[in-house]
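Presented sequentially are two complexes of chain A, the first with chain B as partner and the second with chain C.
For the complex of A and B:
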């Protein structure tokens, strides 16, 4: 009997309520190791809420999250009861998910290299040398090593994006989350960032990417999740969902988006 | 009316002694106030509601009550609790409490002025609240906090004159003694005013030098454009 590796991400019944509003309404899905999932949906559909819950920046109202088999935030005891983990325990699991913020949030007082080194040293306890070697290897792979001594204020949008990706990747996460990575960039840079994401995808990085780039979803992602009003209303191969999914909200969305592009 | 310089010159050891004690009291309250203020600022954002409430009450009392009343509460109140403490100690304690409230508000305000994403990116990558404060937030609020901290410290140095009311032999108290001996209030209090000015101006000058060094320590590209530009540059990517 072979043991399959656990999913990189398992979400079971994830719910987030604000009063009577259900920002996330009982979501169930897995992301397999190496899978690239595009998360698409209209504004306010819950995409950002989902990313915030997955990183525990926002405490969900209910449901379970597992990162590579390890429960995050709440866990089910053998008795079946649900128990909330200690804050410290949650803090120590968070690095298993690498989040690249829409606004990047690089630390402006540190150089690009220090941005990548600092969390490795503080959170993972890596030595200065190890953190440095790792940082330089990743900055090199993302082709920004020559900018290692610069502070974020000296970098262009695309360069900052690469450093932010490097900072998350250096933590060896089981899963990378991207929050609209191209929304802040001009057309030329969008292609640049998409090619970086494509490179990560080809090297087997597990990714969940919130995006409006239908081209990226179609050609790079293995799978597309469509969210509307806090629910996943379509889940399947990107081309299938984009071109043929019968759900009215999905059709309305892609027909509008594709009409604009034509 | 003529001013007699000998009133001051003949009594210089008393002025010097008072000035030196004022400097030491202010230095103790400055260091103690910063430490206590940092702790209070941190406790202000604790998830424990009761602690937060206590902090809010503390800040309201310390900032809403005249310093002399705080001083009397500590000085005359502590013995009632069975603690016999010399006037100098109660004076330093009261001044530290007073300063800590203002410092706490400065630290909190400068930290809140940072983009929320700075805190969130540190937390999301796995840092504890303490680690995020220590490595990401703290270093960024150092430079912007210096001017308001300087401002409140100058106020605090001047408020230390109130300690004369409980017989602490600082500058104002020594001035009162010389004035009592010589009946020359103008000479005495001009001198006292001048010495206070030298102390506060000296402190402001030192703070300015530190501020310039802090800004100098920030690598090129985010200097010279002010704090706002430094954080706006982060947001520039959004356009």
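For the complex of A and C:
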């Protein structure tokens, strides 16, 4: 008898309400290990809320999240009751999800290498040597090792982005989340960042990427989730959703975007 | 009144050795003030309403009354409450308490300038509140407030002169003694002034070096 590995991410009934507004409305989806998922939708559709809930920066009002089989934030007891986990317990699971913020949020007083080393040492308890070896290996892989001694203020936007990715990757996450990784970059840097993401995808990194880059969604992602008003209204192969999904909001969105590009 | 150079040089010899006392008292008071001020900042960040209200009242009292009166209170009022401290201890505590209040106010201002996104990144990576303060927030905070901290340190050093009024034998008190013993207060007072000035000039120079070292990292 064989056991399939658990999904990298399982979301069941995830809901976030602000008063009567449902920012997230009972979302259900899995992300398989190695899968690259593009999350697309108009602004205000709940994409960022979803990422914040998945990292428990924002506490959802309902639903369950599992990272590689381990419940995050709340868990269902054998009795069926839902129990909230302690902050400490949640902190121990958080490194399993690597979030790359839109604003990157590197620590400006530390060098690139120290940014990557610090969470490994503090959260995973790795030794100074182990953390450094791991940091340098990842910085090298992302081709920013020669900048290891620089502080973020001395790095370009694209370089900072690689360091932020390295910081999350060094924690060996089961899943990487990207919040609009290209939104604040100029055209040249967008290509640079997309090629980094493509490289990660090809090496089997599981990723959920909030993006407006239709080209990335079409050519790199295995799957596209389209969100509107807190719901997933389309879920399928990117080309299929982009070109043929019949949902009116999906059509409106992609027809507009594609018309602009044509 | 005439300025007698010979007497001035003799006064320097009497007064300057006492600078060591001011230096020691100031160092101790300032270290206590930094520790106490930071502790106050941490407590205030917990945002417990009644606690912050009490701290706020204490802050406005300390900021709104002369340090000299606070020194008197520590020296005369605490023994009345059964806590009998020598003049040096009472004096150091009074200055440290006063300075801690100014330091926590400086820190509060700069804390607001630290991007909350950095703290969210730390939380998302699984850092607990201790490493977030210790490794992310405080190191940046101290770099930002360094110039203000140095100017606070000079206030503390000058503040030790006030301890002469509660019988601590430091530069100021030595100067007063030499002055009255020779019926010529002017020369020893200038000598004491030079003593304070020298300490503060050395301090400023050291601080500027430190600032320049951090300047590149803040860019």
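Some points to look at:
Note that in this section the second predicted complex is superposed on the first by the 262 of 262 C-alpha atoms of A that agree within 3 Å, B and C clash if a C-alpha of one lies under 4 Å from a C-alpha of the other, contacts with A are read in each partner's own complex, and residues count from 1 in each chain.
Quick note on the criterion: a contact is a pair of C-beta atoms (placed from the backbone, for glycine too) under 8 Å apart; a residue touches a chain by one contact, two chains touch by 3 or more.
Not measured: the values here are computed from a predicted model.
When both complexes are superposed on chain A, chain B and chain C end up clashing with one another. Using the contact criterion defined above for the overlaid structures, shared-chain residue A:205 touches neither chain B nor chain C, since it reaches no partner.
Applying the stated contact rule after C-alpha superposition, one finds that A:153 touches each of chain B and chain C.
When the shared chain is aligned, chain B and chain C each come close enough to touch A:171. In the superposed model, A:105 lies in contact with both chain B and chain C. Looking at the superposition, the partner that touches the larger set of chain A residues, chain B or chain C, turns out to be B.
Residues common to the contacts of chain A with chain B and with chain C across the two structures: 55, 57, 87-88, 91-95, 97, 99, 101, 103, 105-109, 118-119, 122-123, 151, 153-154, 167-168, 171.
Contact residues of chain A toward chain B in the complex are 55, 57, 87-88, 91-95, 97-99, 101, 103-109, 111, 118-119, 122-124, 150-154, 157, 160-161, 167-168, 171, 183-185. In the complex of the two chains, the chain B residues touching chain A come out as 115, 117-118, 120-128, 131, 135-136, 139-140, 218-222, 230-231, 233-239.
Residue ranges of chain C in contact with chain A, taken from their complex: 115, 117-118, 120-128, 131, 135-136, 139-140, 143, 216-219. Interface residues of chain A, counted against chain C in their complex, comprise 55, 57, 87-88, 91-95, 97, 99, 101, 103, 105-109, 118-119, 122-123, 151, 153-154, 167-168, 171.
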